[in-house]
């Protein structure tokens, strides 16, 4: 967590000799001051003969002799040389996060508390819900609220409207803060790595509906929550963060729901922060999280 | 967590043969339906030659052939026979919790979210603060807000006013939700076992001010929070609940503060719930928590 | 953990008014000194119209005016009245635990360390293995070692031999301390609630072979272990204890195996202790653990 | 955890532009294949005006065109240019770890299990103890055992003998595996950053003797253990690793001791592994642990 403006470079490419030297040499050649460097070499395996390299570097903006656009231009040849997927973001540009909720309050209150105190230093252009429950609470915070009811017959119009609102809001990230609805495959495909869900189980256990009932029936001794990117396959997207809490035989499903809420909101907030700080890189269906 | 109305008996007394038999015999003699029973025998030690017995029993209200007042009357002789400290509470009577805050939002948002969803099924007659920061937020929830500024010269009037507000509100419990002020000894003494604080360290480490700075300087690998009853001695009252979270060398004090907030609000909410459900009995400066 | 000899009564029965009163009245009628009482009412649900009651009571042996056999005789009518499944055990009679291992050392070393220091106050009449690897180590501790090789063609003789050794050893409990073999259904059925396994995943995730490889492929952020009773259905028996440890993207399968070993041995030791102290009661495919 | 031979460079120096570029450029200039890179910039604070930089880099030995001695020679000018404290170690050279124990078995069994399975790929030239308890166990493993009794009058000779044994054994690291004795200041000073202790509390809570008794008296809800470097000031050296476990009011001091043992051995093993893999750098009285 830094106070000064900085640029964040994240990149991945096939592994080979000299990647770090080339990138860090580029930065130091302009006297760029590196605040944080995270590097990871994924060794070769069956599906990846060369192995893969992942990096995230924060550079103080005022240490470089040019602006962000020029930084990008000058870095481009290096990226092409190594076959990188890459981007450079600017800490001064706040991410725009659209929150989707249903009727459960805990993640929404939690995210707005973090936003209000600037712990999460983001814009929330709007909140979308299939119920009108939290309109007053959201609007009191000065945030627009959209009630998009779900037509159980044809959901096409519903999700077209949500997509339209997200586009109008110029959203970077969509957060399903216990939205309790399954997004259609087209919507998932439209925003890969940009829709984040919190699932109320320790995945891959208890996929789908009513995971606390499933956990109770199975008699597990810990319950958990999973923050993951949304893909077309339900509850199967890349996992960003997980945690668990201990329960015992005295806990009913209602108790589990209550304990679970504390894990859900914490895991969602941690995962979202990693994502917003560009700390999450995907590698197939897995994530590299440069905590 | 039960839906039906129930009475909760909590009691402690010197240990001897026959306590459980006598109390459970009393209840079953009236066909009372026991929902939950927790018992604990504290063995004799240096300061307690006989050992002590602690119990908590929930009985369904509609299973008994009389009202609460008569239950208390009929139980009194048993309590006297065994030398019990005891009380019987009624799940239909909501506890009245007065919250004191300063300028940090996380515990306040968290408690109001739990109250709003009835996860915490309590009355919040008012919120008191030494700053006006959260007036709008609290009042939007329909809860009166009292700004009681602190006169750094003479705090007597300040705390007299707080005590007056608490009394007028008919408060059962006072919660210091990161209030950041040291209560005077008289106030602590006036409400033993009724004032709950959340301290932002894993006590007994890092008593007093700026515990995260202390933790950073010491280089600990986990940080924590402690929910405890307030006594005249700073941060020394009986501990109700604690938890920790892992940190590492990359975390600054600001990061610790951020991680700590998640632990603080969770630990406070758990400790407060145990207290409100009459699950906490004290034994000297320690607690029995019948989770 | 008590020093004095005590009897442990565990019992379960359909729930109704007066169970605790009757049982505790019985004990106090003979001036029995209760050291520890644990009670649990499982509410009615779809499969159990009345609900079920579970209890575990420790009574100091020297506080009763008769021997164990007479205690059992005198308690029998109460058990019959309430339709109890029950037993009474004697802390002075050490449980006899037969350990089965393969080629992994961690659970075996761990159990023998606990046995050697009397932390686990048990008899280990023998260790059985499908490899000869640990013969020297086990025999050095003065414990007989049986190498029972597995004939990949017909395993009937193998398991008949194991069963014979267990019977000859007068074993109470069989512990699969990373035995890595699937027991035949007949053997499981012969000792219900008496065979304990440690599975190297957080069940129900990653049933079967190579769970760390499964966990790696899935990209989970925590890995775990599960101690459970063995039933005919692989990795599906009642769960006694579980725990997890955090991993991240830098951890290879080999790292997971290494971290996992620490969780496995700890979870196995905790679950085994609960079992040996008669703290585990089963309720369908779930457990009540009176920790 | 890598199979192939590699060299590990660890270094720290005042922070400035170009450190990573220079070092990684040096390695890639010889086509060195980097397996793992960890970097950390400690920002300036009151006691350190420039900030400090820490690094750890693993390079595959067979990717470099020269031997270790030449690698060191060629790297030396860079180290001098940046004012580095540095060293380069070779994964093919096993560290020599001397273990000191008293009468508790858990850490000793645990370390020997890890050594026996090569999870800890080290040499154990000998075990030293102030009691003869574990002679047979240690010698059975083929490891020399030295009983060095402690003369309660004058301990000078005792520690001179221990130091002599350590020197004769050509020890790299001394591990106090619940040795239960306070080392004299001279011995601590002789091996800075080379003596590792496991303390049975979550430091800085409960320094000194009988920490579980202290924890019981205080009524904490979690107990812990701390692995740290030994310095002349008791239990105050740089912390390498810590962990905790939950307890409750039913746990006696004896129960805490038992739970604590599981935390102690795990925390010691983790901390020792970090140390042996050259993942621990010190920064004043704190550690950077490149996990």
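Note that the chains are named A, B, C and D in the order they appear, and that numbering of residues resets to 1 at the start of each chain.
Here, a residue touches a chain if its C-beta (ideal position, glycine included) is under 8 Å from a C-beta of that chain, and two chains touch if they have at least 3 such contacts.
Predicted model only: the values in this text are computed from it and were never measured.
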Furthest chain, CA centroid comparison against chain D: B
Comparison of B-D and B-C by number of C-beta pairs in contact, larger one: B-D
Between chain D and chain B, distance of the C-alpha-averaged centres to the nearest whole Å: 41
Inter-centroid spacing, chain C versus chain B (mean Cα positions, whole Å): 36
Multi-partner residues of chain C (at least 2 other chains): 36, 250, 252, 291
Footprint of chain B on chain C - complex, ascending: 17-18, 20-22, 24-25, 27-29, 31-39, 41, 63, 246
Touching residues (chain side chain C, partner chain A) in the complex: 40, 42-43, 202-206, 218-222, 224, 238-239, 241-244, 248-250, 252, 283, 285-289, 291
Residues of chain C defined as touching chain D within the complex: 1, 36, 104-106, 109-110, 112-114, 116-117, 119, 136-137, 140, 250, 252, 254-255, 258, 261-262, 266, 269, 291
